[in-house]
Amino acid sequence: MTSPTRTLYRSYIIEEYHITEEPYYVPVGDEIELFEAAYAQKIPVIFKGPTGCGKTKFVEYMSYRLAQPLTRIRQNPDASDVAAEPTNGDDSEPDNLPLITIACHEDLTASDLVGRYLLEGDRTVWIDGPLSRAVKAGGICYLDEIVEARKDTTVLIHPLTDHRRILPVEKRGELLEAGEGFLLILSYNPGYQSALKDLKHSTRQRFISIEFDYPPRDIEAEIVAHESGVDSDTALQLAKLGEKVRNLKEHGLGEGASTRLLIYAGQLIKQGITPRRACQVAVNWAVTDDHTVQRSIEELTSSVFE
Amino acid sequence: MTSPTRTLYRSYIIEEYHITEEPYYVPVGDEIELFEAAYAQKIPVIFKGPTGCGKTKFVEYMSYRLAQPLTRIRQNPDASDVAAEPTNGDDSEPDNLPLITIACHEDLTASDLVGRYLLEGDRTVWIDGPLSRAVKAGGICYLDEIVEARKDTTVLIHPLTDHRRILPVEKRGELLEAGEGFLLILSYNPGYQSALKDLKHSTRQRFISIEFDYPPRDIEAEIVAHESGVDSDTALQLAKLGEKVRNLKEHGLGEGASTRLLIYAGQLIKQGITPRRACQVAVNWAVTDDHTVQRSIEELTSSVFE
Amino acid sequence: MTSPTRTLYRSYIIEEYHITEEPYYVPVGDEIELFEAAYAQKIPVIFKGPTGCGKTKFVEYMSYRLAQPLTRIRQNPDASDVAAEPTNGDDSEPDNLPLITIACHEDLTASDLVGRYLLEGDRTVWIDGPLSRAVKAGGICYLDEIVEARKDTTVLIHPLTDHRRILPVEKRGELLEAGEGFLLILSYNPGYQSALKDLKHSTRQRFISIEFDYPPRDIEAEIVAHESGVDSDTALQLAKLGEKVRNLKEHGLGEGASTRLLIYAGQLIKQGITPRRACQVAVNWAVTDDHTVQRSIEELTSSVFE
Amino acid sequence: MTSPTRTLYRSYIIEEYHITEEPYYVPVGDEIELFEAAYAQKIPVIFKGPTGCGKTKFVEYMSYRLAQPLTRIRQNPDASDVAAEPTNGDDSEPDNLPLITIACHEDLTASDLVGRYLLEGDRTVWIDGPLSRAVKAGGICYLDEIVEARKDTTVLIHPLTDHRRILPVEKRGELLEAGEGFLLILSYNPGYQSALKDLKHSTRQRFISIEFDYPPRDIEAEIVAHESGVDSDTALQLAKLGEKVRNLKEHGLGEGASTRLLIYAGQLIKQGITPRRACQVAVNWAVTDDHTVQRSIEELTSSVFE
Amino acid sequence: MTSPTRTLYRSYIIEEYHITEEPYYVPVGDEIELFEAAYAQKIPVIFKGPTGCGKTKFVEYMSYRLAQPLTRIRQNPDASDVAAEPTNGDDSEPDNLPLITIACHEDLTASDLVGRYLLEGDRTVWIDGPLSRAVKAGGICYLDEIVEARKDTTVLIHPLTDHRRILPVEKRGELLEAGEGFLLILSYNPGYQSALKDLKHSTRQRFISIEFDYPPRDIEAEIVAHESGVDSDTALQLAKLGEKVRNLKEHGLGEGASTRLLIYAGQLIKQGITPRRACQVAVNWAVTDDHTVQRSIEELTSSVFE
Amino acid sequence: MTSPTRTLYRSYIIEEYHITEEPYYVPVGDEIELFEAAYAQKIPVIFKGPTGCGKTKFVEYMSYRLAQPLTRIRQNPDASDVAAEPTNGDDSEPDNLPLITIACHEDLTASDLVGRYLLEGDRTVWIDGPLSRAVKAGGICYLDEIVEARKDTTVLIHPLTDHRRILPVEKRGELLEAGEGFLLILSYNPGYQSALKDLKHSTRQRFISIEFDYPPRDIEAEIVAHESGVDSDTALQLAKLGEKVRNLKEHGLGEGASTRLLIYAGQLIKQGITPRRACQVAVNWAVTDDHTVQRSIEELTSSVFE
């Protein structure tokens, strides 16, 4: 086992962070067409779905894809007349569409998003927040787990989601009109929502909503094999275990095992840990602290990896 | 599908933001006459009504209209003697009536509205908040979703709504008397209000209240067709679906589908998405996470778009 | 209908804000004599009463009146021996008694009232709050809706209401002894008070309390006619409606319609709106969102304006 | 009735505020001896008792008295051997014992009491809080309504109340040892205390406690006559009313009428208001908003002032 | 009775505050040996026990004693082989072991303990908090009533209580390793603890715990006589009363009377107050506001001081 | 008994704090292999387990071990092919892997972790927080008791735990990509978790989880003997007592006695305290305030140390 040598860290300017390598993403349905239609019409989008089912990967994939001047084939036959055209008149230069991701939490203030004045030397300097940066750069702004945000954050995005596409920067007495490529994407996990933390209708009805779920077994096995490096048999067994664990959800398990955890299990197996032990630490103990549920998952693991 | 080229963003000074193009607004009743009477008498107004029924559009339309030196025809026959007169002695120069919109939320402080001192270089500079800007510019100030505001915000507007029309700027030891054209408009959605977040009588009895609802089917179809570009048949089907979904409100649906969502569905259809899929993501999944309600809306969609 | 031309706003120094024109106030009982007796003895006063029944108007009227060196006739016969004397030895120069109004709310801090240090250039400057200004100027200080205030505000006024008449300015290590003309007036609406927001006895027993209610029908009609410009018949009908709506208070209406709302209705009628529609938006929808109560008020309106 | 001419306000340095005129105080029992014994032994004291029963007056009286180099006669015969001696070797110069009063509330921070750094010009200046001033000046520090204070305030005074008599000024890394004459006095009203706001034993057992109550009828009448200027018959009637109102305490009245309110009533009567009306606004409406209780007090008033 | 002349206050640097005079402390058991063993092994200690039973006195005594280069005799025979040796090779110079006491409360922040930056002139200066001072000075740090502290304070001390003995000063990006003599002592009163304010196991299991209680009657009488100056008969009577009052604890009394209160009673008696009156204000009224309990204590007092 | 001479304290830069001496750690199972596999694959790890069972020791041990260029033998036979290889091509120079430990608490803000601007002289200086330091230094970052952290802290680590390994530093508009050796480790104690303070699935499913428990009796005795210096018989008796106390957990004891407490008991015994008294203060009183439970533990102690 090699202890990796520590390299220097790297640092990026937020609005210059582009997805430069094509992310590995396997589409499950027509989500790519829906996203492209919404983007063309500047309709903001909500991604609904459970933890670790690929929402973040999808927004990275779309941000990479929309920046490429390639011809894309639409899968939807009803819309075949508008498909198969170049996405950009100027094919020679790919459009670097920035992706700005903001993890929402209950202490995120409006100033955190829009910006604030900072004292520098003998004068104050305005520092744009990530949302202002996204608005100015005309990029995709991805607000992860929006229901965690405080109300001021949620309300702040309202004028950005109607025909005005405006961000009020009240501390500067200014209104920012979003650049052409700007689009707001929210993610949220309806499984979590308590009555208190629900997304208000005045917010949610400003978006179309695409629902996501874990991929079907074959696609998930393909993903696990690709991402962890295990052989396709092991990957299929892991996908099978994932499926079975998710079925426990009605039997006391808060949330099913994510695709990410199955990949972790695969990575540990690749590293020489036995499959059962790998699944114990990467799946079983990772999803629950309840000893009864743990015993059930242990049995599922034994039945899959006999 | 074309990925739009990102243009530069634009920036405005808050109190110089005028509605320069006539907003598309289809009146449903005598709301224009009521607003004009209140404005002439400097009576503050509350707009009550559900999410996305057009309250914001209406205040934009009125702010545009009141700035135009045109002859307007009153629809109310009882008041015909005061109608049909020029709105302004000086017809040659349209009056730029600023519209200042403030989205209220529970973290909005009095300083956010009135202003604050900021350090700049070696001195502090006073920065007017949007409410002070509206008071000074003599514009329309639209406080959206007022019940979300903290009590200090709500109380702050009291002296602006009685005969004094005064905004105390306590940090400067100053009282601002509002310019002639200033008017305060609040919006709120009575459907949401819990006992805790009700508008206090000491506040609400300082305003007259105009109640809004979704437009009737024919007017809504006209709006959907105009705003999304779909043909009038599809628009009528979408309006029909909107009507039917709103009737579900007693069957577990928190809030009916807004006109905005029907326009989104129209835009997706224009973009090549099938009507049923467009209604699923733009209406069904957008209004609810409840699978039982989703199935009902699915059936409604099938019955409209057979 | 004329869109008013917007004039420049005006700005005042808080402690220089005097009531210069006699406010229109119709006394209902001996409230003027009580106030004058309290003022002469420097006894602080609480005004109790419902929303919009004239408490603010009364304090403005008294502040104007006490500043006038006129002979006043006492209405109370028992006290006739002390009445009918000039209020000021020096009749030639009216005493400008400042009126400082502070709308209380739960976020109002002691610093908001007393003052704070602000950085200006390379030094900090002390800015007096409105209460310090009132204490120094020897004016009337009107704390509106005191029960909304935080405890620190309420406690702050204690030393101002006993024989010491002192305001501690702790950030400056200073005690301010109020000028001769200073008097503290609180308003509060007992109808609102929850157990949590009650006025503590240690505070309320520092004041005498005058209870206010809506004026009787004839006086209210007189006020509505004067303030809105409608004829006395219409004004009487509006006053009758006000009375009837207030009787609904036991039937689900939170608070009765204020005199102010009746004036609004009058103003809309003057502007050409039909009486029933005017009462709908200015009274009915303004006081309630409950459709059942709205129907009752609709019927009351019809019965008054047949 | 004369509107008083407004004089200039006066300002004092907190620790230089001495009681220079003998306050009017009528002792009810041996409270003076107890206080003097505690002061001689540097034992901190709690005053317990209802609103407006004279606790503040007593601390002012003692602070005046302890500053006078007079011979005092002890009432307690057992201690007669230590009585009747001059209080100060140097009789010629009265000792100015400062009295620092701090009204406690739930937003009072430790910094408010101890002090804070303020920016002044290009340097920060430390400003002592009132407690530090009292400790340094060796005066009497009176914390009014201590149970309202936050825990940090309450804990702050602990080291001042044991043998160390020390105030930690942590922002300066400093400990202040109190001057010789320093004594801490707390007041609190056990009638108010909820379980949440009780004085902790770790605090209360650092003090001896003197319980106060309203004075007996004759003494109270004497006080009312002296303070309001009414004749002794009226004063006795007011004291009788006070007694009767206090007996209502078990019948829905939160707190009995304070001596202060009876004085207010007397002052209004002196000003020409009839006794019944004076008692209505100064006693009845001042102590309750409950109409049933108000009727009972009205009857009591009628029976006293037939 | 002499009113003491006020002397100048004195001021100390926190970490230079040593106990220079031997505190009067009467050991009850082997607490001195336990403390010395823990100190030698650098094991942090919790003192558990009721209000005013001598915990603070004990930590002062130990801090004085550990600083003295004297030979001490161990009382525990099993450990006689390690006893009776000089505590310091260099007997000539007593080691000044600083004692830093911090009264915990729910508003005490980590910055209050560790330190903060302050602006001074044109630069910021770091000011060590009392905990940093104790760590650097290698003294005894006594956190009084630890359960009152906020969680950040409690967690802050964790790395100081394991083998690392480290205090992270995150604002400076620094770790402080405690000097040799440093030891952390907490006090807490288990009688108070609600479920909410319990000491977490992750904190309490970092300490050994010594339980304290009020001293037995004879020792307490000795202490009362010594500290108040009363004769030994009176002292014994007071100790007897303390014992009896503590037995009332099951009959509605929150906490028994502390030794400190008995000393107060003694001091008042010395000052000429009769024993019964002294016990009323120093014991009875000091421990309870409940009239029923007060009557019981009154009877106990009468039976002791017939 | 020697009072230790106080030496000067030492101070370290956070990211330069390496474990330089091999920590004493006795492995219980395959935890070392699991950790090494996770580290090689950059999979973040959660340590679950009770108070004081050795989680902190283990992370210190692994941080020391991963920094050593030694050949290690894998215990897992299935992975023998990847074992027994040098961990670093350059054997001559050990890799100093920093260990940054952060004790989480509910007041820990995102700025505390990431960094903040501080004014220094006439300019503001950015000070990296410990998490930024760990990311830049490529070290192991150990967040102790993560469930105590506020939501903003928890969310902040999300982008550091997926393939991006990025820390957004929003106040600087910057993204930090973690250095090669960086790994995030969380600890938490499932026994404590209330429903309110549970680790969210969106967080926990980003980690594999290793469950820890107290070591078996023989290993624990070995540890106690090594760390306290008692003989192996006494150590075994202490381990036996630990085991018995932990069995009381179902009988009202919140948490079992940690290994650390057993070591404390051993240290006191070494210092001459009798075993029973040592166990009383170091185990019994340290784990509970409940007298009934204390009696049970007393009996267990007597049965072990007869």
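As written, the chains take the letters A, B, C, D, E and F, and residue 1 is the first residue of each chain.
Quick note on the criterion: a contact is a pair of C-beta atoms (placed from the backbone, for glycine too) under 8 Å apart; a residue touches a chain by one contact, two chains touch by 3 or more.
Remember, predicted model here, so these are calculated numbers, not experimental data.
Engineer: Going by the stated contact rule, which chains contact subunit D and subunit E alike?
Structural biologist: Per touch definition, common to subunit D and subunit E: zero chains.
Engineer: Between subunit A and subunit C, how many steps is the shortest route if every step has to go to a touching chain?
Structural biologist: 2
Engineer: Pick same or different for copies subunit A and subunit B, depending on whether their interface residues overlap by over half.
Structural biologist: Mostly different residues: under half of the interface numbers shared.
Engineer: Which angle of rotation, from 0 to 180°, maps the CA atoms of subunit E onto the equivalent atoms of subunit F, to the nearest 5?
Structural biologist: C-alpha superposition angle, subunit E on subunit F: 60 degrees.
Engineer: In whole angstrom, how far does the Cα centroid of subunit A sit from the Cα centroid of subunit D?
Structural biologist: Between these chains, centre-to-centre, one finds 63 Å.
Engineer: Using Cα averages as centroids, what's the distance between subunit A and subunit E in whole Å?
Structural biologist: Distance between chain centres, rounded to whole Å: 55 Å.
Engineer: From the C-alpha centre of subunit B to that of subunit C, how far is it in Å?
Structural biologist: Spacing between the chain centres: roughly 32 Å.
Engineer: So which bits of subunit D are touching at least two other chains?
Structural biologist: Counting only residues that touch two or more other chains, subunit D contributes 119, 122.
Engineer: In graph terms, with chains as vertices and touches as edges, which category applies: line, ring, star, complete, or other?
Structural biologist: Chain contacts: single closed ring, each chain with exactly two partners.
Engineer: So in the complex, the part of subunit E that touches subunit D is made up of which residues?
Structural biologist: Against subunit D, the touching part of subunit E is residues 1-15, 17, 51-52, 56, 101-108, 112, 116, 118-122, 127-130, 133, 144-145, 148, 189, 192, 254-255, 257-258, 260-261, 264, 267-268, 270-274, 277, 281-282, 285-287, 289.
Engineer: Which of the residues in subunit A end up touching subunit B in this complex?
Structural biologist: 30, 33-34, 36-41, 43, 46, 48, 66-67, 69, 72, 74, 76, 78-79, 81-83, 85, 87-88, 95, 97, 109-110, 117, 119, 122-124, 135-139, 150-152, 154-156, 158-159, 162, 168, 170-182, 190, 193, 200-202, 204-211
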